[in-house]
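Let me begin by handing over the structure; questions about it come next.
Chain lettering (A, B, C, D, E and F) follows the sequence in which the chains are written, and residue indices restart at 1 in each chain.
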Amino acid sequence: MNIPVTDTGTYERGQALSERVNPGMEAALAARYDALVPGMSRTMVDVAYGQFYAREGLDEKTRLLATVAALTALGGQTRPQLKVNIASARKVGASQREIGEVIFQMALYGGLPAVINAMNAAIEVFNEEAARDE
Amino acid sequence: MNIPVTDTGTYERGQALSERVNPGMEAALAARYDALVPGMSRTMVDVAYGQFYAREGLDEKTRLLATVAALTALGGQTRPQLKVNIASARKVGASQREIGEVIFQMALYGGLPAVINAMNAAIEVFNEEAARDE
Amino acid sequence: MNIPVTDTGTYERGQALSERVNPGMEAALAARYDALVPGMSRTMVDVAYGQFYAREGLDEKTRLLATVAALTALGGQTRPQLKVNIASARKVGASQREIGEVIFQMALYGGLPAVINAMNAAIEVFNEEAARDE
Amino acid sequence: MNIPVTDTGTYERGQALSERVNPGMEAALAARYDALVPGMSRTMVDVAYGQFYAREGLDEKTRLLATVAALTALGGQTRPQLKVNIASARKVGASQREIGEVIFQMALYGGLPAVINAMNAAIEVFNEEAARDE
Amino acid sequence: MNIPVTDTGTYERGQALSERVNPGMEAALAARYDALVPGMSRTMVDVAYGQFYAREGLDEKTRLLATVAALTALGGQTRPQLKVNIASARKVGASQREIGEVIFQMALYGGLPAVINAMNAAIEVFNEEAARDE
Amino acid sequence: MNIPVTDTGTYERGQALSERVNPGMEAALAARYDALVPGMSRTMVDVAYGQFYAREGLDEKTRLLATVAALTALGGQTRPQLKVNIASARKVGASQREIGEVIFQMALYGGLPAVINAMNAAIEVFNEEAARDE
C-alpha cells in the first residue's frame, strides 16, 4: 500500500510519547499487524499518541485517569488497554488509590461488573509494579 | 414500603454534596419518582452522592472529569447526566477547555459519535453558563 | 424477492400473540418497511413473537419483565421498544410498582442514566394508561 | 479514610441477604479490595444488597431473573456476576428451564453472542450444582 | 415443549446455508443446548441462517463483512461469533486484507480495544487456515 | 495551542475525500468546535477521512456498508453519523436495498431496537434524496 507521507509533527510527537510511556509498543504492533494492515502501527502511534494523548489543554495525569474511567465503564473487551493506561497513569504520577477511586466511581455508570473487572486489572498492574520494584 | 433507617452518615453527606453541586435535585427526584418507587430519591442521594461522589482519595475535579469521560464513552442515553456532571465539573474548577479535551480524548475509546454528542452537550452547558453570567 | 414459504406454526402463533399485545403492529411495520426490506414485517412477527415471546417454559409476565430489565440496561436506543414491552407487561398483569422495581434494580448494572431514562419511559406509559382509563 | 457511620438498616439487611445467597462474599471482597479502596466491600453490600436486592415490591425470584436478563444482554464483562445471579436465582426457586428461557429471550435484544455466552455460564452453574448434589 | 411445525422454507434454507459455511454447527448447538432450551438449535438455524444470512438483496461477501464490522464494534463478548463470521467471509471470497481493513476501520466507531481484539481473532482464524492448508 | 505541522499526506487526502462525500463538513466542524478544542476539525478530517476512510485494500462501497453495519449495531448515539454514512454509501453506489439489508442483518447482533432506529434513519436519508431529485 502506498502510505502517504505522514505527519512531520503528530507522528513524531506520538512516537516520543509512546516510547516514554509504553516503550517498544510501536515495534510490537508493527511486528504483529502491519503485514495484514499496512501502516497500522504508524497510524496508531500518529493518531492515538500524536493526535490525542499528546494534546495540550489537559494535564497528562488527568487525561490518563479519564481514559481509565472510560475503559472501566466500557468494560469487557478493554482489559489490555486498561492495563496499559493504568500503568501509564502510574508513570505520570497517579497514586494506586486515585486509580482505585476512579474505577470504583464507575459503579454508578458502568455497573458493578465493570468495576470488579477493572479493579482486578489494576491489581494485576500494581502487583507487576511491586514485583519489578523488588 | 418500610424503608430502613438510613445511614446517619452517607445520606447526610450525600445530601450536603448534592445540594451544593445540584441544588434541588433530591426534591425533583422525589416529586417525580418516589410515588412509583418508594425511597428512590433518598437511595440515589445516599448511594450516588454519599457513597461515591463524596468519597475521599481523589480530588473532586478529577472525579468529575473522570465521570464526564465515562458518560461520553458510554454515550447515547447519558446526555442529561452528562450535562449535570459537566456543570458540576465547572462548579469545582474545571475549565471549558479541560472538559472539551476530556471529551475529545474519548474518540479513541467511545468513537466519534460519542465525542460529537458529548461536545454538543458541553456547548449547551457552556452557553447556559454564559446566559446566566450576563 | 422470493420469500420462502414461511413457518406454518411460528408465524401464525407470533401473529396471534402480537395482535393480542400490540394490535396493528405487523401492519404498521409492513407499511413502513416492507417496500425497502421485503418480508421484514413477517420476519419480525415470526421471529420475535413466534419464535421467542410465544415460547413455553417461562410465564408471560416474567418474560416481559425480564425484557424490560434488559432494555433498561441496554438503554439509549431502546426507548420505543421499552415502552412497547412495558405496556405489554401491564397487559399481562405486571403492576406499575413491579415495573418500577425492575427498572430501579438496573442501577446496579446499567448505571443511573439508564434507570432515569427507563423510569421516564414507564411514567409515559402509565400516564397514557391513566388517560385511556378516564 | 474516615468512613462515615454507615446505615443502621440498609447495610445490615444487605449483609443478611448477601450471606444468605452468597455466603462469604463480603469477606472475599474485603480481603481483595478494601486495602486499595477503603470501605469498598461494605459499600457494595450496603448498596447492592441492602439498597437494591433487598427492596420490597418485586418478588426475589423475578428480581433475580430480571438481573440475569440484563447481565445477559449487557454481555461480555458480566460473566462472573451472571454466574452469581444465576446461582442466586436457583436458590430462590427459579428452574433451570426458566433461566434458560430468560437467557434465550435476550437474542432479540442483546444479540446471539450474548445468548451463547450466558447460556454457557448457566450450564457451568448447573453443572456445579449437579456436582454438589452428588 | 410442543414445538410448532417449523417453516418449510426458512429452516431448510438456513440448514443448507449453515451446513455449507459452518458444517456441523446445528448438531453441536443441539447437543449442547436443546435439553435446556427445547428447540434452540432449530430456532437459531431457522432465524439466523434461514431468515437473515440467506436473504437476497445483498451479496454474501458484503453481508459477512458487514457482520464482521458489527461484531468488531460491539466487541468483548463476540469473539467466538467473530471467528465464525471471519471464517465464513473467507469461504465466500473475502481476502485477509479486506477483513483486516474492515476491522481497522472500526477504530473510528468501536474504539481501539475493539480493533485489537478483533484483529487478534482474525489472525487466529488465518493461522488456523494456514495450518489446514499445509 | 501549538498545533504541530500536520501530515502533508493524510490530511490532504482526508480533506479531498471529505469534501467529495460530505462537502462543507470540515468548515462546519471548525466553526462549531475549534474554539473549544483547538484543531479538532483538522484532526477529525486527518484521522477519520485521511487515515481510515481513504485507506486502500477495501472498496469504498464495502467500507461504507461495513460502517453502516457497525453504527447500526452500536445504536443509540450514532444516528447523525449513521445518516452521514448512509448518504455516503449511496454516493458511492450502494442501493437503498443493500443498505436496508445491511441494517436488517444487524437484528442478529445489535438487537431489534437498533434495527428499527437505523432503518428509520435510512428512510429519512432516502426521503431527503427523493426530495432533492425532484
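Heads up, the rule we're going with is that a residue touches a chain if its C-beta (ideal position, glycine included) is under 8 Å from a C-beta of that chain, and two chains touch if they have at least 3 such contacts.
Small disclaimer: the values here were computed from a predicted structure and weren't measured.
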Touching both chain A and chain F (chains): B, C, D, E
Copy-to-copy rotation for chain A and chain B - C-alpha atoms, rounded to a multiple of 5°: 180
B-F against D-F, pair bridged by the larger set of C-beta contacts: B-F
Computed distance of Cα centres, chain D from chain A, in Å: 31
Separation of mean Cα positions, chain E and chain C [Å, integer]: 26
Shared interface positions of chain E, touching two or more other chains: 37, 47-48, 55, 57, 71, 73-78, 81, 97, 100-101, 104, 107-113
Chain-level touch network, classified as line, ring, star, complete or other: complete
Parts of chain D lying in touch with chain E, wherever the complex brings them together: 75-77, 96-97, 100-101, 103-104, 107, 111-114, 116-117, 119, 122-123, 126
Chain F-facing residues of chain E, complex: 47-48, 52-53, 55, 57-58, 62-63, 65-74, 78, 81, 97-98, 100-102, 104-110
Chain F partner contacts - residues on chain A that touch it in the complex: 1-13, 37-38, 43, 46-47, 50-51, 55-57
Chain A partner contacts - residues on chain C that touch it in the complex: 73, 108-113
For the chain D and chain A complex, residues of the former touching the latter: 32-33, 36-37, 40, 44, 47-48, 71, 74-78, 80-81
